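Two complexes, one shared chain (chain A), two partners (chain B, chain C).
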Partner chain A sequence: MKITSALFASVAIAALAFTAGCSDSTATTDAEGSADAADAPRVAFIPKLTGVGFFESGGAGAEAAGEKYGLDVTYVGSPEASVAKQVELINTEIQQGAEAIIVSSVSPDGLCQVFKKAMAQDILVLTWDSDVNPECRTYYISQGTADQLGAMLVEMAEVDIAKTDKVEVAFHYASPTVTDQNQWAEKAKQIIADETSWTVVDTVFSENQTELAVQQAEALINANPDLKVIFAPDANALPGTAQALESLSRTDLNVVGFSTPNVMRPYIESGTIKRFGLWDVTKQGELAVAVTKQLLDGKKLNVGDSFDVDGLGTLEVSPNSVQGYDYEADGNGIILMPERVVFTKDNINDFDF
Partner chain B sequence: MNVAKAVLRGAARWEGALVVILMVEVVVFGALNPRFLDAGRLISSTSDFLYLGIIALPLAIVMMTGGIDISIGSIVSLSAIVTGVTFANGVNIWLAACLGLLAALLAGLANGLAIVATGANPMVITLGTQFLFAGLAVGISGLANVSSFEGISGLPDSFVAVGNGETVGIPNMVLIFVVVAAIFAVVLHGTTFGRQARLIGANPKAAAYSGFAVTRITICAYLLSALGAGIAGVLLTSYLASARADIGANMLMPVLTLVVIGGVSMFGGEGTIVGVIIATFVIGFLQQGLRFAGMSESEVAVANGTALVLVASLRWWTSHTAETLKNQRARRRKPRTPITGSSLQGPEVDVLQSTRTR
Partner chain C sequence: MTVPGFLKAREVVTIAGALIFIVGVGVAQPRFVEYENLTRIANSTVILALLAAGAALVIITRNIDVSVGSTMALTGIVGGSMLRDGVSIAVVVPVVILAGAGLGAVNGIGVTYGRVPSIVMTLGTLGAYRGISFILTSGHSVENIPAEFKKIAVTKLLGMPVIVWGASALLIGLMLLMSRTRAGRHLYATGDNAAGARLIGVRTNGMVIIAFSASGALAALAALVFLAQIGSVSNQAGMGIEMRAIAAAVIGGVALSGGVGTILGATFGAVFITTATSSLSFIGIPGFWADTVIGAILLLALFADARVRAGLEKRRLSARYKRELGGPPEPPPGDRPAPAALPSEKRIAGGVA
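Let's turn to the complex of A and B:
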């Protein structure tokens, strides 16, 4: 028995020494990289999940802005979009002495407990991209309201199809339960009903699945031969619909929607689709850190206040009601990105995310 | 007395090595980042991983019987969402939590019955029920008119305090873990059920011929693992103050890691609850420490995976070497009594048998 335990222990220690060796080297490189930022306030910038171009670009924007404003911004996230994992990460950040936490939340209510704990310790809590209930954070750095993004969808289609044309249009996005996409689609449908002669013939869903997105789009196009426009406000539905157009060799259909430039570049270059929209997520990351800097410096921001951000112009704090919330309080509100971007052949190569 | 001896003997082996690893972890990570060492922090941070241990403990019992329960993550989701939906429909929250646990037990019963009735590989059955329970959870969430993205909130403060509060300075999660761990340790090491469950894993045929109630014990093992998952589901609902249908979606692999690092054999028959308890802290603090050392989440996953592979191979290598040494010693001494006569009595014999069959 002695031999066994000695064997176990020695090999185990060797294994741990190996692990420790790894972490040691990481720690030193980290220390070198941020030697001058040793005293800088620590700010955690957390995505829904890592490994997705969209969030990585947001993180890059935030870290670059951190250097500019003298904040020690770290982009930390889990490869899985899970509430429990986000809570664990946020807890670790609180324990490591972060002064501000900026999160794209996986859930509107699941992070409230940990956020309340953070705020009780005077840690600044902001959200970006995906919000939590407003009482659980201070400010939400929003890419746009449902009104803005819904109207943007219709505007992108209007370039080629006149409002007075009697044409058939359809919607294709992730699922009927996705809050934000549903709001955009509802707003767009309302504008179509009020201001155009277009008819919405169908709405299909592809549940965030790449293959399903192509199949659903093909089925939609085959079932509605007179379809002229497909609105795909989803990062999966848009490339899926574009792929379906290519495999069916249809060039008489307009597809517009929201997705990221890197995914859509081949379809823009081949001319399958002419334009699609999104916001500049790198700038969203920058803006979040810029707002954090002002708040950490002691500036108070209330609804209606405006402030300047280098490179983004003058911004205003909007009430939570622009996003449909009832809750309003001092030092609480929504900061809207000043503009969203329409990507075309002419500008798509200026973006990398 | 035999039980106590068996526990001690186990602790002298793999569990001892785990304790050494745990101590080295604390020292190394404390040296890398002094913030890691703060005692209050060390204790309060355990709330972030102890729920995995609560699932891993009874899963260890299932795996000792030679089975496996892939569906635990889905059972976590199921119990969480049943708790939330019944609460949203006006049921008292404590009753709702009991209904959540009941749903988990029913899921466990379904697993156990299906495995016993079909005789199919438990992995196949629970792989199927994994999708079944996950689908049920999403379907049930529709009954409260919430999307699986949103979750059910507005839970009463008294319920939220279960997962978040403290009692005499110790986080409730820790207290609950201690109680649950003690119960499962007694169940496995101190009851006939526990001993028979392990022996079924060591040699199912011998167990059946010895007149063990294999069917009943197997069903009970799956009931226990479902109960553990159910407790974790209710606890997480309280901890996050939100009942979600996807809460257990990514939980299977971390829990399996704990069980395997805890020294439970994938082939059944070997392992202790103590090992799994220590492994819960070893892995929990390993991940935390690596984060404190400035590693990104993907790097932590790589380190974690490396640890798992190392441990799995070390387990084999060390037991293999120990076995060889023991055989050499035995050969040098005069021959002992033949081992076949006492094939169901000592852990050494189990080890011999299992190494031979592999």
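Let's turn to the complex of A and C:
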């Protein structure tokens, strides 16, 4: 019996340690809401999930900016993208005396309650990459509006396929419940319907599973022999689709989408795909921390105000309406990344994330 | 009215179901049954079929292994990192398989000598193994698998990828091992009646450890296939695939109560699931509906399976009653039971003998 319980306990502890918080390594400052200048204010930078190059790079950018601006920035997350895990993490951060929390949310409204609790304790709440409803946070550090990113998808395809060509196109991304990807795809579909002669024949989903992404893309391609373009605005669906092209030895198809340069480098180098887009997520992490610094220093930012960030130039606070929200308030808005990047053979080696 | 021998096998229903499904989709969309697409489906099935075979081995011993997704990710990350760093394929393959067997053995030892219920033990390692892969990679995915390894996935023999041939040979070998050898019979005996098996000299603990190790080794093989087919592996790899593997085994007639089922059935369960997933693009079901439709197809398959089995069992029983109780049309000479013996008694007697 002793062995049983000992083993059981060690397994349980191991499981907890590994799944719950495999990152809380930085020494915590016991700020308790009244941090003085000697203690660097604690800032939590939270991804949707850990273990994905995209978020890890955002986290690296945020932590580097933390050192630069004298903030104790910790990148903490869970390997599983779930509302419950994020709520748990945020609650832990509130208890540990974080002064600001910056989150890429897995749900538009699932975090509202815990965010309101945090704001009631004068903790600064921002979102990055994936937003929550605007009344639940102060600012959203956005990679671009749905209009910008949806249009960017179509523009990348247009380089090789004329708008007037009557061709079949399809979409492939993670899941119909991912807010941002859905918005980009819907916007792109709208542009395709309004401005081109292209026909959208199918939309498939691969639930963040690499092997499913390859299989779904292969099925999609075989089912639609006349397909000319696949839009894959998802960091997992895009390499999966590119791999499907390689396994089926198809070179007559254009695949464009959003993913990270390190994952896509082999497919760009082999010529399987010509271009894909993203934003510099390391800079997005930096920007989020830079904005946090200004706010913690007591600066007020309202819609229309502009401010300078070292390395990113002058930025402006946009109203929530650019993202399609109705809610506007003082000290609330959206800060857009100044630019997005199209990666090709020529520039991909300038990036490492 | 006797039932043909081959129809008595539980897995026949699954095999027939999978074939009928393929033909059905083929009638609706002939492109689906083109040789090239069928080989693609076979290629997509390999990972799931290997994992389902492992699930079957463990379930036959009346245990369950929910850790295979994490085992696959961890062994894939170990193998992928070694390949990326230039270790030769001849070294990587055995190391990865041994690592998988070792990870499986940990489950087996915990379940037998540690007396932890298998669901708890493997839930623990499900978290722990994924945690270890996070630690090894600090969250980043392993990319740039050398082209010479990826080439294995595109090498074909008679139009079929060599990986499919290799996996088929392995699974057939496993089937023979299960049906023709003493070890195979001991495995069934362990799951059917562990106490009885021990009494007749089966080392049940050893059999359980072997089953878990085999499941781990098969997960490691699946990881190698994953690396060859996909060319990169992230920490998210294989998340949730254990449930599909268990579903495949169960659809293939492996009883969760242990002691019953075959590798052949589990393999076709995997074929069925993969076919159902990749048929959706062909029969024009929108991606939004994918999960619902696949769930419905699986439930329908299980329901039909249960009905067919109930019908077969009824026919088998009535044939038996006719032979033993009713006026025998042609009594098998020398095989008549004692007049008072009831069928159930005969079965018990037969079981002990």
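Points worth noting:
Keep in mind that, in the parts below, the second predicted complex is superposed on the first by the 315 of 353 C-alpha atoms of A that agree within 3 Å, B and C clash if a C-alpha of one lies under 4 Å from a C-alpha of the other, contacts with A are read in each partner's own complex, and residues count from 1 in each chain.
Heads up, the rule we're going with is that a contact is a pair of C-beta atoms (placed from the backbone, for glycine too) under 8 Å apart; a residue touches a chain by one contact, two chains touch by 3 or more.
Just so we're clear, the structure is a prediction, and the values are computed from it rather than from any experiment.
Contact with chain C, but none with chain B, is seen for A:224 once the two complexes are overlaid on the shared chain.
Contact with neither chain B nor chain C is seen for A:159 once the two complexes are overlaid on the shared chain.
By the document's definition of touching, of the two partners only chain B reaches A:82; chain C does not. Of the two partner chains, neither chain B nor chain C is touched by A:193. Contacts of A:95 after superposition: chain B is touched, whereas chain C is not reached. In the superposition on chain A, A:214 makes contact with chain C only, not with chain B.
In the superposed model, A:108 makes contact with chain B only, not with chain C. By the document's definition of touching, of the two partners only chain C reaches A:52; chain B does not. In the superposed pair of complexes, A:239 makes contact with chain C only, with no contact to chain B.
Within chain A, the residues touching chain B in one complex and chain C in the other are 3-4, 7-8, 11-12, 15-16, 18-19, 22, 50-51, 79-80.
Of all residues in chain A, those touching chain C in their complex are 3-4, 7-8, 11-12, 14-19, 22, 49-53, 56, 79-80, 176, 202-205, 208-212, 214-216, 218-220, 222-225, 236, 239-240, 243, 246-249, 262-263, 265-266.
Across the complex, chain A meets chain B through its residues 1, 3-5, 7-9, 11-13, 15-16, 18-20, 22-24, 26-27, 30, 50-51, 76-80, 82-85, 87-89, 91-92, 95-97, 107-113, 117, 133, 175, 177-179.
The residues of chain C lying in touch with chain A in their complex are 29, 31-32, 34, 36-37, 40, 43-44, 47, 110, 113-116, 120-121, 123-128, 130-132, 134-135, 137-141, 143-144, 153-154, 226, 229-241, 274, 277-282, 284, 286-288, 290.
Of all residues in chain B, those touching chain A in their complex are 9, 12-14, 16-18, 20-21, 24-25, 28-29, 32-33, 35, 38, 41, 45, 47-49, 147-151, 153, 160, 164, 236, 239-242, 244, 246-247, 249-251, 286, 288-299, 301, 303, 306-307, 310-311, 314, 317-319, 321-322, 325.
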